[in-house]
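See the structures that follow.
Two complexes, one shared chain (subunit A), two partners (subunit B, subunit C).
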Partner chain A sequence: MNSGRRVVVTGMGVVVPHGDDIDDVYEQIAAGKNACGRITKFDPTGFLCQVGSEVKYTPEGPREVGPYLVEDNEALLFTAAAAQRALRYAGLEAAVGADAMDRRAVVLSTGVGPANIDYLGPIAMRVHGRDADPWKADLASFYAAAPSEPEAVGLDHFHLDTAAPICAVQLGAAHVYNTASACASGSHTVADAGNLIRRGEADVVLAGGICTPVTRVLVPGFAMLKALTGRNDDPAHASRPFDAGRDGFVMGEGAAMLVLESEEHAKARGATIYAELAGWGYSCDSYRLTDPQPEGIGMALCMTRALESAGMAPTDIDHVNAHGTSTPLNDAAETLAIKKALGDHAFRIPVSSNKSMFGHLIHAAGALEGCLSVKTILEGVVPPTINYETPDPRCDLDYVPNEGRTAKVDTILKNSFGFGGMNVSVVYKRYEG
Partner chain B sequence: MTRLFLTGAGAVTHAGLGLDALASAMGGEASFASETPIPDGPAHAVGRIGRLDDPDCASSYKRWGQLDTYSRYGFVAARLAMEDAGIDADTAGRDRIGVMLGTAFGCMEENQRFDRYGVAADGTLKGASPLLFKGTVDNAPAGWIAVAWKLKGPNATYVSGAGSGLEALWGAEGVLRKNRAPALLVGGVERIVDLHLLLREADPARHGATMSEGAGLVLVEREDSLTRRGGRARAELLGVARTRGTYADARAAALTQFGLEPESVSDRFHGLPEGGLKSTLGESHGAWGGIALCAALAYLNHDGSWEGRHHALVHAFGEGDEHFFAALKTVEE
Partner chain C sequence: MTDDRIFVTGVGAGTPFGLGVDALLDGMLAGESRVVALAEPHGSLAPGYGGEVTLKARDLRSLPNSRDMRPGTMTRYTFLSTLALGSAMAEGEIPWDDGDGALRRGFYVASYTNSDRFDKYVRFAHHVIDKDADGKPVIVDERVPTAIRKFSGFEFLKLMNNMPTAHGGIQGRCQGPCNTFLGSPSGGLQAIGRAKLAIQDGLADTMYAGGVGSSIHPQMMMVRATRKLESSSDVAPDQAGRPFDQDATGIVPGEAGGCIVLERASTATARGANARAELAGYGEWFTPPSVNRGVPPTPAGPVRAMRRALERAGLEAKDVDVVFAHGESNNDLDRIEALALAETLGPRSADVPVVSMTAHVGSTEAAVGPLNAALAVRVLETGKVPGALNRGNPLPEYKGPNGAAPMDIDAKVALVSVTTREGIAAAVVLRKIE
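So, the complex of A and B:
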């Protein structure tokens, strides 16, 4: 039961395949517009999966943030731009002074993003010239050349958690950390932010995720695990959560962030409050590393814990924003889990998957879908699950097939599940002061 | 407020497995290896473990062969910590235990490995095993540990540079104090790849200590759980403080939070690059906090106190000018 401070949402910022304005993105999502297509970032000819959901524009935003150069790294560029938009939405400036900064925090998930593989490309290009193909570059010579110009080639930024410090500069935050919970990460950051505020350890938290996994290594890698769609001849219809013909998810990219505040802090500065973060729950399947527990036991547990944290009964939920990846295993297990957690009420409410329109943004997914949940509460249109054609007997809930639905939605249960058996559920609620 | 105790510890370092090996490393008995990450390049001293084969894990866990090296470090440290705490399959409530780990570089090796395999014309990764692709997520060690021991409690991985291990302990303290789990496996894991050695070469002043890899995990347990199962406490965890400023200022602020007098506390387990344990244990980045906690327990095993003191501060650098301090206290018999 919630016994701490109330946590509210005062800002949202995204850089995602549909665009970089959350209000416009929501309109497209509510209208069921698809953003998935054939991959263009590399030539996917012959690949098992050739479908992706890409950010095909360069977002306006800072190219340098404090000591950090972000312009040569797409993930960091997305990070800085999404954070900038979230802070503008919230009407927040960077805090100045140790005391003010001490009350602000950044909780981010970067995972498969600014470090690891994505870093090699920009660094290799700096070493070998902009025309170099980083994937064909002679890595031995790259390694040999790199130490002579450590800062020039970006090794000084070679770290998993660069994105979070960038956001910390933008917010003026003293406390910074990253969570890594695979596909559950985005909602994990939101839940952790809720903990920090509810416990009184922060007044303002920028939470969210970044992911740029549409690469020549990760796409075939996930395809090897049979996690991705093989519907290469029909990319617009490849992401089809809960449909009987689903065969895997579409890899997506982007960044999404929410500004979360204590209610009193938001009120004191006259901020617009868009929704309340009412509760959250975590659980771990401890089943297999890359498969969900097929009966949805862990998933149901985290939904139940989220309801307890919010002080709500299952019947208080108006809509489930599903994890809904479009993999055969996830969607069936999630359906079972929703029924376990909500009982008969599960059959009476809309359950939809935003991923049907933009695929799976991995570490950013939970935060983007969190932003869309807030917009759903504000605008009153439940986004559809598009590409839903053939019912699957194992998926027997109301998935809002193909067309958005006007409805008064006061509370949304948002699910996110990930590799490692990580499960996080979050409850967003209409704010009533 | 419930009391928290460290009831088990497991360390995987270049000196070997367990607290005794860690103690020998602290005594300077384990030497660092030399490597040349670049062909014909300069040699680097490094606390390397390499591919870890643990017969106990291999015989008891059928998926051991699927674990990447980064995950193996954490997995073996978890086995040692669970055994040290006396927790086995019959321990009541074991399934409520969780895992909270820290890492700075995470699964870099597996990502780099897949990068180097290259993509074949047919879009497959040449010679790459789908099983090892599982190791390309940073939370793979925490996931494997939870799967193998059926630990359904809270599970999280913190990725925050050298402070990650103690940041995980900071997160764990909150979970345990709110009684969301009876106990948590907590610590840090790190695996070095050649890029890390290049980083050090690129800027030796920034990473003054020899780079090392490994894992250190402790089982942190609520007093009620410990009492219920009749376990043994190695030390009490008074708390974890996040403070800012210079090391001296941050330490003073942490001591104030803990209500401790400076002279009553051992500082041996600090995370400064020179003049401390890192000269013998190396700079293990995200694993440091966990390994330092294990080092404090290893020291306590040997001497019964920390340089005659009953309190110890375990320290790690966080982001910017942030510091993490864990305060430990000896326990009465």
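So, the complex of A and C:
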């Protein structure tokens, strides 16, 4: 299918725990700086998981975009700010006029927004008072109570339906896709953007994801699923992909986006091209909702498909930016899959997990790690997998333990695998005009 | 990239009329509405009625690959998606257990997810809330660890918005591209449009594409009631859904799942499949609403989406024999959609029947596009077009036929369009295979 136009990366924008300047964020990541810690958004005492990776600042950015108010919703604030940074990085203004807008698209993945309990609680208290037993209160009278307008806004924001349209207004795009494939989402949007450009449907696509899952509901909820770390006494070392002591991932929050463009469009407007998106592959495990296929068949399949799409052989890959969640099952299955897809070459190249430093940004993870992959190609330092102390016999590749490594990296295979068995791999490549 | 033609080889649905598209079409042809008074506790929510799917988990047993289905792990959305996909797989006689065939199959579905256990969330929220020294509501964190134990971990996995796709990937043995489309009732047609392109891009030979929605969910019914978007409680349930009618009072809660099977023409032909129609064209366009939660200011977006779909099909407005529209039953959006239809169809507006299922089943969110596409396939096969239910006092902007009686027409081309309040319009064109 590698018969269409070349796709290039011309912009990157992030609002993530390490900061909101991608160049600075990369420097920290290359230096192995951790951003995971004890949760501060609420008091997690008594929670099964008390560790998170939080955005502890309010990003500068638009508070209003077209008809959308974003200032009353942290997730939308992150979205608009990340999009603004990506477009500035790319030197792009919003397109004007139907013909220009027709050539632009947004592919954004959204998780869930602010916890709806923040709004349901006050309604319940208004209806039933504080003293009624919540577990026995009459729901019919709760349902009959109309929320106030701010409460209705809050409840509605749970779905983040306006996030992708907000980005579309910022870009001036006539085509908007809001998608989700769980933890694969970020890379999924990049791959979908590649398809749109390669087949000639769009010249410019803003792709990425947003997720704010560090909430009082989702953290304990996913902890009950045994997906999250329980290393509460040592939060800075809780995210430890591929290490024998890994026990689950750290929930992270933020937004990350890439501007992808056809080569001809980027050249025509004199844009700086940072890398090429050379290929991508999709697969589905069709196996189980929670567990990856243990032999990594689906994961290997999407890596192989990405290589085919890029017209590359396994030996063309210089580095794997792993999904590497720090869960016992994923990291073992991913290791098997990398070896299946790349053969002996897997043992000769660095494989690292950026999540060791900022946890798992779920819907935004693949896009953030995509931005960092592009920076790795440009700067020549492979980020480390930090907190790697005890080798796991099932994870026997070179994970770049604890310190970044200077290396000439021309091609990176970026993996993203989601709950439900959805897998996406993309290949970033040094741009040669 | 290939330009292979794309055939529809199966359609499926789970609606208030039951399992399968024929049940829906038969009900619509009979002029029936399945919008009824809701049982408690949903009956306490305005407007007190809706189009509810009464199918149960046991109804999954008749579907292909039912042994891999886990109803206990499904939200309402996933359940409806599973019904629709299974019913489409059954009609398409897809050889889902064909080993390597799975490598070339994918699934795109549009969905929201909302927890079925909203009652628990309300009680949870009530348990953890208190007042601070100033009397303002504040969440007491130390109560959370106890309260959260009322849930199981799986309830949070179920809540993830890609779960309908995840279940479908297992149900349909899909190892190709799988994704979930969110955010707007047009998502279902976006799923179909992108699925078409996935085949044409060589990513798959067979794609299941659909959408699911349940606007009966309490949280969103409460939000709509506050915003005065919900239909009036004072209207008889079977009279409430009034697409393109001046007497419409708002959104009628409904729920459903719809799905179609798309196959590369050469793949369908090779396996001797019953090619029911051709998916000939797809188009979309985004126009931001004039104010947040308003409607698009002009019909330009849906007009562009429909024209793009026709253009890609190599057709013109004069070729359209029947339209399947959204018809939300809110005058502000229906006016925009009616203007768009009139502008797109031009002089043909007065003659081309416009079908909307809102009067029969209520608002089905992202299911509306795939269900309409499935209905369009049936109409191309049978020539039987449902009449216009509850459209006795049409909006001045609506120029189409208005008769309540069903029609027999020789339909060769169907245009399916979804215009949305979010501003994302999408359209597909289906053509009879001759």
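To be clear about the criterion, the second predicted complex is superposed on the first by the 384 of 433 C-alpha atoms of A that agree within 3 Å, B and C clash if a C-alpha of one lies under 4 Å from a C-alpha of the other, contacts with A are read in each partner's own complex, and residues count from 1 in each chain.
Basically, a residue touches a chain if its C-beta (ideal position, glycine included) is under 8 Å from a C-beta of that chain, and two chains touch if they have at least 3 such contacts.
It should be emphasised that the depicted structure is a prediction, and the values quoted were computed from it without experimental measurement.
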{"item": "Subunit B versus subunit C as contact partner of A:Tyr68, first or second or both or neither", "value": "second"}
{"item": "Touching partner for A:Gly4 - first (subunit B), second (subunit C), both, neither", "value": "second"}
{"item": "Of subunit C and subunit B, partner touching more subunit A residues", "value": "C"}
{"item": "Touched partner set for A:Arg405, first subunit B, second subunit C, both or neither", "value": "neither"}
{"item": "Contacts of A:Arg430 with subunit B and subunit C, given as first, second, both or neither", "value": "neither"}
{"item": "Touching partner for A:Val217 - first (subunit B), second (subunit C), both, neither", "value": "both"}
{"item": "Which of subunit B and subunit C A:Arg38 touches, first, second, both or neither", "value": "neither"}
{"item": "Intersection of subunit A interface sets (partners subunit B, subunit C)", "value": "44-48, 98, 110-112, 116-117, 120, 135, 139-140, 143-144, 146-147, 155-156, 158-159, 161, 164-165, 168, 174-182, 188, 192, 195, 199, 216-218, 220-225, 282-290, 298, 301, 418-422"}
{"item": "List of subunit B residues in touch with subunit A within their complex", "value": "37-39, 41, 66, 95, 98-99, 103-108, 111-112, 114-116, 118-119, 121-125, 128, 130, 133-134, 136-140, 142-144, 146-147, 149-161, 167, 171, 174, 194-195, 198-199, 201-203, 242, 244, 318-320, 322"}
{"item": "Of all residues in subunit A, those that touch subunit C in their complex", "value": "1, 3-4, 42-48, 66-69, 98, 110-112, 116-118, 120-122, 124-125, 128, 130, 132, 134-135, 137, 139-149, 151-152, 155-156, 158-159, 161-162, 164-165, 168-169, 173-182, 185, 188, 192, 195, 198-199, 201, 216-218, 220-226, 282-290, 298, 301, 418-422"}
{"item": "Residue ranges of subunit A in contact with subunit B within the complex", "value": "44-50, 98, 102, 110-112, 115-117, 120, 135, 139-140, 143-144, 146-147, 150, 155-156, 158-161, 164-165, 168, 174-182, 188, 192, 195, 199, 216-218, 220-225, 282-290, 298, 301, 418-422"}
{"item": "Subunit A contact footprint on subunit C (complex, rising order)", "value": "1, 40-42, 44-46, 70, 73, 102-103, 106-107, 112, 119, 121-131, 137, 139, 141-142, 144-145, 148, 150-157, 159-163, 165-167, 169-170, 172-184, 187, 190, 194, 197, 200-203, 218-223, 225-227, 284-294, 300, 304, 422-424"}
